[in-house]
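Just dropping this structure here.
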Amino acid sequence: MMDHPVNPAKSVVAVVMGSKSDHEVMTESARVLADFKVPYEIRVISAHRTPDRAHDFAVNAEDRGIQVIIAAAGKAAHLAGVLSSLTTLPVFGVPMTTSDLGGLDSLLSTVQMPAGIPVGTFAIGKAGAKNAALLAVAVLALSDTRLREELKGFRKKMRDQVAADDADITQAGIQEMF
Amino acid sequence: MMDHPVNPAKSVVAVVMGSKSDHEVMTESARVLADFKVPYEIRVISAHRTPDRAHDFAVNAEDRGIQVIIAAAGKAAHLAGVLSSLTTLPVFGVPMTTSDLGGLDSLLSTVQMPAGIPVGTFAIGKAGAKNAALLAVAVLALSDTRLREELKGFRKKMRDQVAADDADITQAGIQEMF
Amino acid sequence: MMDHPVNPAKSVVAVVMGSKSDHEVMTESARVLADFKVPYEIRVISAHRTPDRAHDFAVNAEDRGIQVIIAAAGKAAHLAGVLSSLTTLPVFGVPMTTSDLGGLDSLLSTVQMPAGIPVGTFAIGKAGAKNAALLAVAVLALSDTRLREELKGFRKKMRDQVAADDADITQAGIQEMF
Amino acid sequence: MMDHPVNPAKSVVAVVMGSKSDHEVMTESARVLADFKVPYEIRVISAHRTPDRAHDFAVNAEDRGIQVIIAAAGKAAHLAGVLSSLTTLPVFGVPMTTSDLGGLDSLLSTVQMPAGIPVGTFAIGKAGAKNAALLAVAVLALSDTRLREELKGFRKKMRDQVAADDADITQAGIQEMF
Amino acid sequence: MMDHPVNPAKSVVAVVMGSKSDHEVMTESARVLADFKVPYEIRVISAHRTPDRAHDFAVNAEDRGIQVIIAAAGKAAHLAGVLSSLTTLPVFGVPMTTSDLGGLDSLLSTVQMPAGIPVGTFAIGKAGAKNAALLAVAVLALSDTRLREELKGFRKKMRDQVAADDADITQAGIQEMF
Amino acid sequence: MMDHPVNPAKSVVAVVMGSKSDHEVMTESARVLADFKVPYEIRVISAHRTPDRAHDFAVNAEDRGIQVIIAAAGKAAHLAGVLSSLTTLPVFGVPMTTSDLGGLDSLLSTVQMPAGIPVGTFAIGKAGAKNAALLAVAVLALSDTRLREELKGFRKKMRDQVAADDADITQAGIQEMF
Amino acid sequence: MMDHPVNPAKSVVAVVMGSKSDHEVMTESARVLADFKVPYEIRVISAHRTPDRAHDFAVNAEDRGIQVIIAAAGKAAHLAGVLSSLTTLPVFGVPMTTSDLGGLDSLLSTVQMPAGIPVGTFAIGKAGAKNAALLAVAVLALSDTRLREELKGFRKKMRDQVAADDADITQAGIQEMF
Amino acid sequence: MMDHPVNPAKSVVAVVMGSKSDHEVMTESARVLADFKVPYEIRVISAHRTPDRAHDFAVNAEDRGIQVIIAAAGKAAHLAGVLSSLTTLPVFGVPMTTSDLGGLDSLLSTVQMPAGIPVGTFAIGKAGAKNAALLAVAVLALSDTRLREELKGFRKKMRDQVAADDADITQAGIQEMF
């Protein structure tokens, strides 16, 4: 399924943000999906300002072939919960950093969903944006051998990077000592 | 407008809760409205489990004659925000106490609404339930002389109660001393 | 009632701040009221430094024709509560951001009012300032057809803006991909 | 794939808890999986006390046919993160309530994963345990028509329950009034 | 000044609480003052429900011979701040425990006073009630030799108690070992 | 007692800070004391790094004529508590802002003193530094007519400043409108 | 050094608590030390109520042969920091649970020590009490082969217990299924 | 044992960080160890990205002669706990500052370890990095006379610095006054 080229008309993952100002952060999600060649779309839909749009998006997502929805919002961050209430597709939430409470408000509004309507929630900000996309890839990889292999390759690349960083720091430490 | 007897078919205030388990707390709102003889209805509508019901309720509320909506929910408490996104009526939110975080999650999910969709928020739990109803009465009182007078009477009763408590405690203190 | 031109001598909403340093934030409230052509006044009155002034303001507000009071304060933010204790008019509180605790202190001091004296509270900072004014307009709109229509227009404008943002971001996403 | 009877030798979902004392809460996950007839296993594996066991479990899970791992832990809750670091399968974390900090420690330890190793996190306690299982079902449903239908049925049952609760409360409210 | 017998008509310290329900906690203050034979009065005055009473109490306190005011309140705890705004006497605040947020709301509402109107704040609950009274005694002791000596005696009694506890626990420990 | 000129050899208030880096904040205390012509000394004494110095300072303060101690510290802020444990003089604590937790750590370490050893605590940072000094003045004013008058004058100046700010803002508001 | 029988006159670890009420929790430390046959003493010494006793204990601990100090305290928990400021021995802190803030106050007061005076801090309550003693054993084990072996045995026992729990829960799960 | 020159092949303390970006902070640990001439190594090992490397490091540390491990990590900071689960050596944790939650997430993830696997935790950021190294030195000093003397010298230097700061500030204060 993942073998066709990137094509927004055939999005498999939807990255939805509640405000245009979340775009920079959510580029982290987009970049992961692009790297893994997962067709995705990136949208601005506000649960609060455009509830009907959110409704239409969510109820039609499955029929359009979307398999995972990543929803990012800040403050009283209802977007992920609202979308999950309208679809049975997996919905992942990314809480945005907020200037006053650091994102604790976004986090609690996203993660503390009452029983029945699940939202898998990730870390506040860019780390969360990246990880939500990685978990979307992991979900798709359950039925896609290529993605499974690429995920393992991604892990290996991270390991190699840490090993290189380790060598750098250790070397620097030795030089400082002598 | 407030002079007719209580009649749910003509509700002026709607008290909506996200779960039946919020009923005991929201009785505080109901009691205030009943005391002030404000026609009200009390409903269980979940933003998450019954999004379409929430939608229908909100978009029809104004036409049905509802003037103020009080919405109570806990944890990732989206009910008030969802309703406010669908109506321009005044929406007041009451965060429910939660067993794990004491209601801080409900509070932040209700009060930290992004600009554009307002929710007037009250204290966690029973104090908030009572005060949301009192502010609903205050709003209605802007065009209802009877309610204005009764609100002033309610304040006087509170003052008298504090004065009586003061006399009790002072007297008890003197007795303890001698 | 709202049809006469803006005229501070006939303020319908009072925007009160505890310190001159809150002015920039509270301009958000003022701008909303001006946009909706709601006569308002903007004041600096400190619950702590000018308690008698706060008293006089509150007890006279109703007779002067004020219908809604918006009160902004920071840290141990008592202004909204103090005003509400002295009038039965609807009082809305806006907690100011604080440099040390991000406004959590202002928020809890404003929202956690004990039963009997209500303060409808909004988000910390500018979003709260804007939303308090929007809810004031919603209250006034209960008896003002023009405001009701304009509120619906305001919502539509927000929807259109989100739709435009959505188109921008989606387009940008497609361009990035190819 | 989901059509064979429940058979722990062929677990598709693994529910892992860090301590036997988490069992009551995690029964919520087990019940959902049983209701949806998803083969699952339920395990006690501690990231801290049995790190090698955790390692062996995680590195072998994919080969054993596990598709989703649900990991529950409390306090400095590392279990979900540790498992996710050792497998590319989707890992969902459920933070346990704690007696001192209410589960805020478990929540932050689970959700704030650094970029690269994703954990989809759910609400503290029973709601989270239930929702993690529901999201596991949603993931499996991407390639299982039966589960897709049953998820829709589950949502309908919830809707009906809320409608029934609404009728009860409304009726009770009317009776109180008269 | 402290040598005359306890006589509420000549209170030197006023213990004021915002609600009768704070009485049990504030008995800790009263007991300290009684033990040190400091004339005191104990009052119920609510900043919110009886603002005029609070006003009259505060503006007359100095003329009535009050030297220190101890004010206890919970939630959005404004009492101490309101009294301090109306008198230049030393005002000490005691935040009450709250069921939802544990008293963090009361603490921040009391301690985070803006510059200009001071409130010396103590620990949440009984420890704070006791310590506020002890600091009131320390203030009075600046011009009262008897109180200075008695404070030193009070410290000695505490030291002796800890020494006795130490002996108990050490002895118990030794017995357990053998 | 306050009538002699400022003379550090005869300090009546000691402003003690745990680290030289607290100096800028504590200048707020010093300025208030200087404005009220209260002889004071300003010291760097660390409870942690110079415990014996802290001990000597505290046990000798009373004999040296110190009447009030203001102690400022950050993070695990023990200074005020340590000094209070060694003297029966009134000790006021000022929690310093901290870069990681905003001063919540300093605040709780200062205010949550167990029963028996009181510390009157003020707001985090500059507001607290100023208010601690104002309360020290209020304490001294109990036996000093000049200070009593000057405190009333200080309050008046603040009132006048707020009135002037109010006029400015109101005027600015009117100009914006037309 | 660890081979002689338990003998309080030759304590190697001192378990110090700020209040007799901490005894039940700190029994967790005592039990670990007794199990590992590490000579220890258990003491009640309050940094606040008995500062001189705390001073004498700390400055003499090294000469008496104490090698590790475990200090437990609650609220503004200064005990560990005060002891560490007076000795260069390793000091471990255990924050006590508190009824109002759950022990967050004790935790921050213990762990947020400024640079220069270290306190190794453990979890709030019993888990921390147990772990502080285990780390004390680990420190002693650096020069004691018996303790090194016993620590490894302790880890093995924990592993076996988790394995047994795992078997129980898995078995229970299978039985539930069929 | 400490008398040989610095030689990374014979590290006695290992300073491990979860990410290269923690290097600047952990230089505080390195500097202390270098000042005390304690052989140390400084490493980048991620519990999440390089779990096998973390495993190998931890299980071999004791045989390589490491006596204390200092582990620094941020957000869901599992590194110290993971290492402690794999060795019985003393493990000290340093929580990194985080941009969203200020390091509260790192702190709770490090300090709230469940019973059985101890991590001695230090303050968030640089103060913690320095203190972890100082406590490592204190542990090593138990069997190293030179280190014991040097620790006492380090304390003296700190005392002298505070005394010098005190003189500076006092002098500055006097100059300001006249």
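Each chain gets a letter, A, B, C, D, E, F, G and H, in the order it is written, and its residues are counted from 1.
Just so we're on the same page, a contact is a pair of C-beta atoms (placed from the backbone, for glycine too) under 8 Å apart; a residue touches a chain by one contact, two chains touch by 3 or more.
Since the structure is predicted, the reported quantities are computational estimates derived from the model, not experimental observations.
Undergrad: Where the contacts of chain F and chain H overlap, which chains show up?
TA: Output, common partners of chain F and chain H: G.
Undergrad: Given the pairs F-G, F-H or A-H, which one repeats the contacts seen at A-B for over half of the pairs?
TA: Most of the A-B contacts reappear at F-G.
Undergrad: Count the residue numbers both chain A and chain H use at their shared interface, divide by all numbers used there, and answer same if that is over half, different if under half.
TA: Counting which numbers both chains contribute, under half are shared, so the two copies meet through different residues.
Undergrad: Does B-D or A-D have the larger number of C-beta pairs in contact?
TA: The comparison resolves to A-D.
Undergrad: Computing the C-alpha centre of each chain, which chain sits at the greatest distance from chain D?
TA: Relative to chain D, the chain whose C-alpha centre sits farthest away is F.
Undergrad: For chain E superposed on chain H via Cα atoms, how large is the rotation, as a multiple of 5°?
TA: Copies differ by a rotation of 180 degrees.
Undergrad: For chain B and chain G, let me know how many angstrom lie between their CA-based centres, rounded off.
TA: Comparing mean C-alpha positions, chain G is 49 Å from chain B.
Undergrad: Between chain A and chain E, what distance separates the C-alpha centroids? Give it in angstrom.
TA: 52
Undergrad: What's the distance between the Cα centroids of chain C and chain D, rounded to whole Å?
TA: Computed value for the inter-centroid distance: 42 Å.
Undergrad: What are the residue numbers in chain H that touch two or more other chains?
TA: Chain H, residues with two or more chain partners: 19, 49, 75-76, 101-102, 104, 111-114, 116-117, 119, 123-124, 127, 155, 158.
Undergrad: Strictly by the criterion at the top, what is the full list of touching chain pairs?
TA: A-B, A-C, A-D, A-H, B-C, B-D, B-E, C-E, C-F, D-G, D-H, E-F, E-G, F-G, F-H, G-H
Undergrad: State the interface residues of chain H toward chain D in the complex, per the touch definition above.
TA: 18-19, 47-49, 51, 55, 74-76, 78, 81-82, 84-86, 98, 101, 104-105, 108-114, 116-117, 119
Undergrad: Tell me, which parts of chain A touch chain H in their complex?
TA: Listed in rising order, the residues of chain A that touch chain H are 97, 102-104, 123-125, 127, 155, 158-159, 161-163, 165-166, 168-170, 172-174, 176-178.
Undergrad: Please output the residues of chain H touching chain G within their complex, sorted ascending.
TA: Chain H reaches chain G through residues 28, 67, 88-90, 92, 107, 111-124, 126-127, 130-132, 134-135, 138-139, 141-143, 148, 151-152, 155, 158.
Undergrad: Okay, in this complex, where on chain B does chain D touch?
TA: Residue list for chain B touching chain D: 6, 8, 17, 19-20, 23, 30, 34, 40-46, 49-50, 53, 75-76, 99-102.
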